[in-house]
Amino acid sequence: MPQPDHLISLDLAVPEQPADADIKRYFDKCMEKIGFVPNVIKGYAARPQRWRAFVTMYHALMDKEGSKLTPLEREMIAVVVSSVNRCYYCLVAHSQAVRKLSGDPELGEMLVMNYRVAELSPRRRAMLDFAWKLTETPSRIEEVDRDALRAAGFTEEEIWDIGETAAFYNFSNRMAVTTDMMPNREYHKLDR
Amino acid sequence: MPQPDHLISLDLAVPEQPADADIKRYFDKCMEKIGFVPNVIKGYAARPQRWRAFVTMYHALMDKEGSKLTPLEREMIAVVVSSVNRCYYCLVAHSQAVRKLSGDPELGEMLVMNYRVAELSPRRRAMLDFAWKLTETPSRIEEVDRDALRAAGFTEEEIWDIGETAAFYNFSNRMAVTTDMMPNREYHKLDR
Amino acid sequence: MPQPDHLISLDLAVPEQPADADIKRYFDKCMEKIGFVPNVIKGYAARPQRWRAFVTMYHALMDKEGSKLTPLEREMIAVVVSSVNRCYYCLVAHSQAVRKLSGDPELGEMLVMNYRVAELSPRRRAMLDFAWKLTETPSRIEEVDRDALRAAGFTEEEIWDIGETAAFYNFSNRMAVTTDMMPNREYHKLDR
Amino acid sequence: MPQPDHLISLDLAVPEQPADADIKRYFDKCMEKIGFVPNVIKGYAARPQRWRAFVTMYHALMDKEGSKLTPLEREMIAVVVSSVNRCYYCLVAHSQAVRKLSGDPELGEMLVMNYRVAELSPRRRAMLDFAWKLTETPSRIEEVDRDALRAAGFTEEEIWDIGETAAFYNFSNRMAVTTDMMPNREYHKLDR
Amino acid sequence: MPQPDHLISLDLAVPEQPADADIKRYFDKCMEKIGFVPNVIKGYAARPQRWRAFVTMYHALMDKEGSKLTPLEREMIAVVVSSVNRCYYCLVAHSQAVRKLSGDPELGEMLVMNYRVAELSPRRRAMLDFAWKLTETPSRIEEVDRDALRAAGFTEEEIWDIGETAAFYNFSNRMAVTTDMMPNREYHKLDR
Amino acid sequence: MPQPDHLISLDLAVPEQPADADIKRYFDKCMEKIGFVPNVIKGYAARPQRWRAFVTMYHALMDKEGSKLTPLEREMIAVVVSSVNRCYYCLVAHSQAVRKLSGDPELGEMLVMNYRVAELSPRRRAMLDFAWKLTETPSRIEEVDRDALRAAGFTEEEIWDIGETAAFYNFSNRMAVTTDMMPNREYHKLDR
């Protein structure tokens, strides 16, 4: 029962070496920094123009100076959103990031499985409650939900960041699901 | 009972005249082409770097050459996704686009209210069924769902486009919901 | 992609000129007052005895002296119930009534799409919250829900009226759905 | 832990002897025929005009010549709709009717608890599947659901009857829930 | 339309007279005490080793000294759990137990149909609210739910008992469903 | 943000060294065989009589000769049931068992996150589909679901085993949830 080794199951060419120079450079930088090219980066390269838009948005949200949330908080949101949506790719990739950034492998598992069992600061619990609800029942979000974030100490800009980060993983979950994208095997063993 | 006239309800500065030249230019072009600046364009300008990422992704998907789907099909997906999520902003703005592009005001209403009552070609019905399911229960999408699109005549690239368009409106619905964004009043009267 | 022009999709005779004098008189009065016969009135005439019962109940609830709620409030309930049930016929017909009675076309759209974005008095918000819950999860209604209406200033008789109005549109939504009834095209352009 | 003995929990006058002659006559006929006045008949008399509409619709659907469905079939629909909605009043009253009309007390219990365990003819199973779906997810009903009834041998008129009967109990369930109506204790012991 | 008379619908031998002495003895004791062998006891005997485990757990929870809850409370939990799961076998068998232990036939019906209409002490309402939620959405149970039980006067051990009793009927409901087990006809007439 | 180190959050004595000889022996055997005592074994020892019933049932189902399913198949069911219920304890403990028994760490992750992405034999897919549905919507299980297992090659006895194994983890998930039980930290690093 060996598990799937396709990158995506849509029948589209995903080149090992991309023709476009900017994409190629990005692949090289991935190899240099983490030793592999994340499959979402490879898979998206089947559509170079879309790749650029996706990578731009990813960095606008996830780069150090991108948002007011800490890098760990952004990854926590990514995992909790992906847990609602049960997205295999994003759960594997972003729970590894949580394990690495927090130094707490159990936290990564908890956010995948049920974030409600984790011992979190009230701030982080409020953040994840908002991300969960925005994902599961966006039509029920009202001022009272924004107020709960304010009460937990978040600024208006940070509320935007929580919402946009959760929104972005609602996007990427659905891309992974549409294309049946498989995560790199490397993630599984890291930071356990 | 006058309805809300805020742009967004987060307390963030949304300048009438943006400081950044590229954003300013974009506003001007909107005025020129449609006579108003869509509120999502204004609201997002509270965060210039994010504005750029959002606008980039929007055009990558929605510009004429952006995807293999027709402009009407993309807007149909936008409305159906927003109907699942009951997103007021996106339903108002994109149902107007459906009315305009189709010349069929009833079609716009049907997609807002319940796309299952519309008389659609099998191709379009399959496309909207996929968009609905990908929005409502992404974890249940499997090869059989991609195969239904193939059977309706869609290529692999078009399946990607359907999925990415639906994913994008799952993103933008959640941004509108997070910020409590109100659509421009102009939309309501257009193309009725 | 012209939209359906059937009145109902059940294969039953729906006469342009009804044989029964009372039904004929009612049709004539509709023509006189609003210039067309609402399709539910035509469609129901396929079953004259049922037509009488339906029309009797409709007037008992919706006539001026019928209930303690204002005519606009009754139509607001109709739209919100139909929004839960995504009933095309009732959403089209009753959102027009909301637009007309309120003089606020946006309010009509908000109640169709997501009543939670509308700026409502606490009284009306409580009324619509009750109608939504009674429609979606009737088994969860308890004394606390009636008490919320009392706290918003409703009398016992008005609580009955809210409940019966919501109950009636839960009935008529399901008749429109069973017969696949299409609303008159006239509604779409009115009071925009 | 004696159970509630109120008729309805709304604080409205429900007279033992109604002032209106037609209502009084109806009460007398109930006493004569079944030995008690059903609580829905008493409770509704708090609003005489509404009582008349309700009773008219009830008889239009449930009287012998009212519909093409057998009396037992109509009661089966009543119980299954009320099972989805978990309506205590209607489950108690109409499961007694099923026990009486079928001579099969277990059938009554099965329809209350889970109609899927009952051994039903394909015709009746199709009828109850439609009633369940129309109650639980009316927005998902499509031509394919009407076709399933046709395939089970139902005429167009009977499809209307199934739908209207189910719609009516969706109405009456919500009236019982709004008013917190308690069924007559007599039902519990009958036809066991 | 006679109802099913199979014991279970899996094609497994369920002997009238079990070969194993301990099981035989148990059957005999049932005959002696209640005049019939409950079908779950017969049906489970198709798998003697499993029968022993099931009977052991049943008695550990349901015997007089087994738990701190009163026998009636345990049966109330059994019925409410089975109501969420709509399990015919367990609803029939345990609602009879509630009727018998409470001397209140209506209470048995209420717990089957919708426990929220019953007049319960705050303690019992809290107990059933926990059992319902633990059954329907176990992932949402948190400290606040245990605290609600504490506030209603339950000890830590009793909270365990409520949870384990509810958990056990979540087990037995699914066994009845898997095997399509039918309850003994005797239950229907008892304690009405 | 160190994660919780309680065993259970109910305030009950969970002795490091149990007083009862049989429980003590079991602890010793655990230490000998796997180097630690699983927390469910420790936690349950707060209630010795219940511990015995739980352990008896666990072994009746999970011991080598206990069921016709392979040990890996039983653990796969445990993980998929716990995934529906999002039970942290059982997901951590039983996904480790899947990793160990299958030698396929990715399979363990897939069953936790979304078993639908795994490449499974039709037999195992059918088994897990049944376990999922029996957990999520037991009231919808019918003969057609048992027939799907038969078509996948399962015997009547194996269908029982699939159902009882799934039922047992529906039990143990709810015990872990009721007591807020934390899994041993050892599981996290094993068999990655």
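Per-chain residue numbering starts at 1, and chain names A, B, C, D, E and F are given in the order in which the chains are listed.
In this section, contacts are C-beta pairs under 8 Å (C-beta built on N, C-alpha and C of every residue); 3 or more make two chains touch, one makes a residue touch a chain.
Just so it is clear, the model here is predicted, and its values are computed rather than measured.
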{"item": "Chain-contact steps, minimal, separating chain D from chain A", "value": "2"}
{"item": "Shared interface partners, meaning chains that touch chain D and chain F", "value": "B, E"}
{"item": "Distance between chain centroids, defined by C-alpha means - chain C, chain F (Å)", "value": "51"}
{"item": "Centre-to-centre distance between chain E and chain D (centres being mean Cα positions), rounded to whole Å", "value": "29"}
{"item": "Centroid distance [mean C-alpha coordinates] between chain B and chain A, Å", "value": "22"}
{"item": "Centre-of-Cα separation between chain C and chain A, whole angstrom", "value": "44"}
{"item": "For chain B, residues that touch 2 or more chains besides their own", "value": "86-87, 114, 139, 180"}
{"item": "Interchain contacts (touch definition) - all pairs", "value": "A-B, A-C, A-E, A-F, B-C, B-D, B-F, C-D, C-E, D-E, D-F, E-F"}
{"item": "Residue numbers on chain B that touch chain D, as the complex places them", "value": "114, 116"}
{"item": "Residues of chain C defined as touching chain B within the complex", "value": "1-4, 86-88, 91-92, 102, 104-107, 109-110, 112-114, 117-121, 124, 180, 182, 185, 188-189, 192"}
{"item": "Chain C - residues contacting chain D, complex", "value": "9-12, 46-47, 49-50, 52-54, 56-57, 59-61, 66, 85-87, 134-135, 138-139, 141, 143, 146, 156-157, 159-160, 162-164, 166-168, 170-175, 177-180"}
{"item": "In the complex with chain E, residue positions of chain C that touch it", "value": "139-140, 142"}
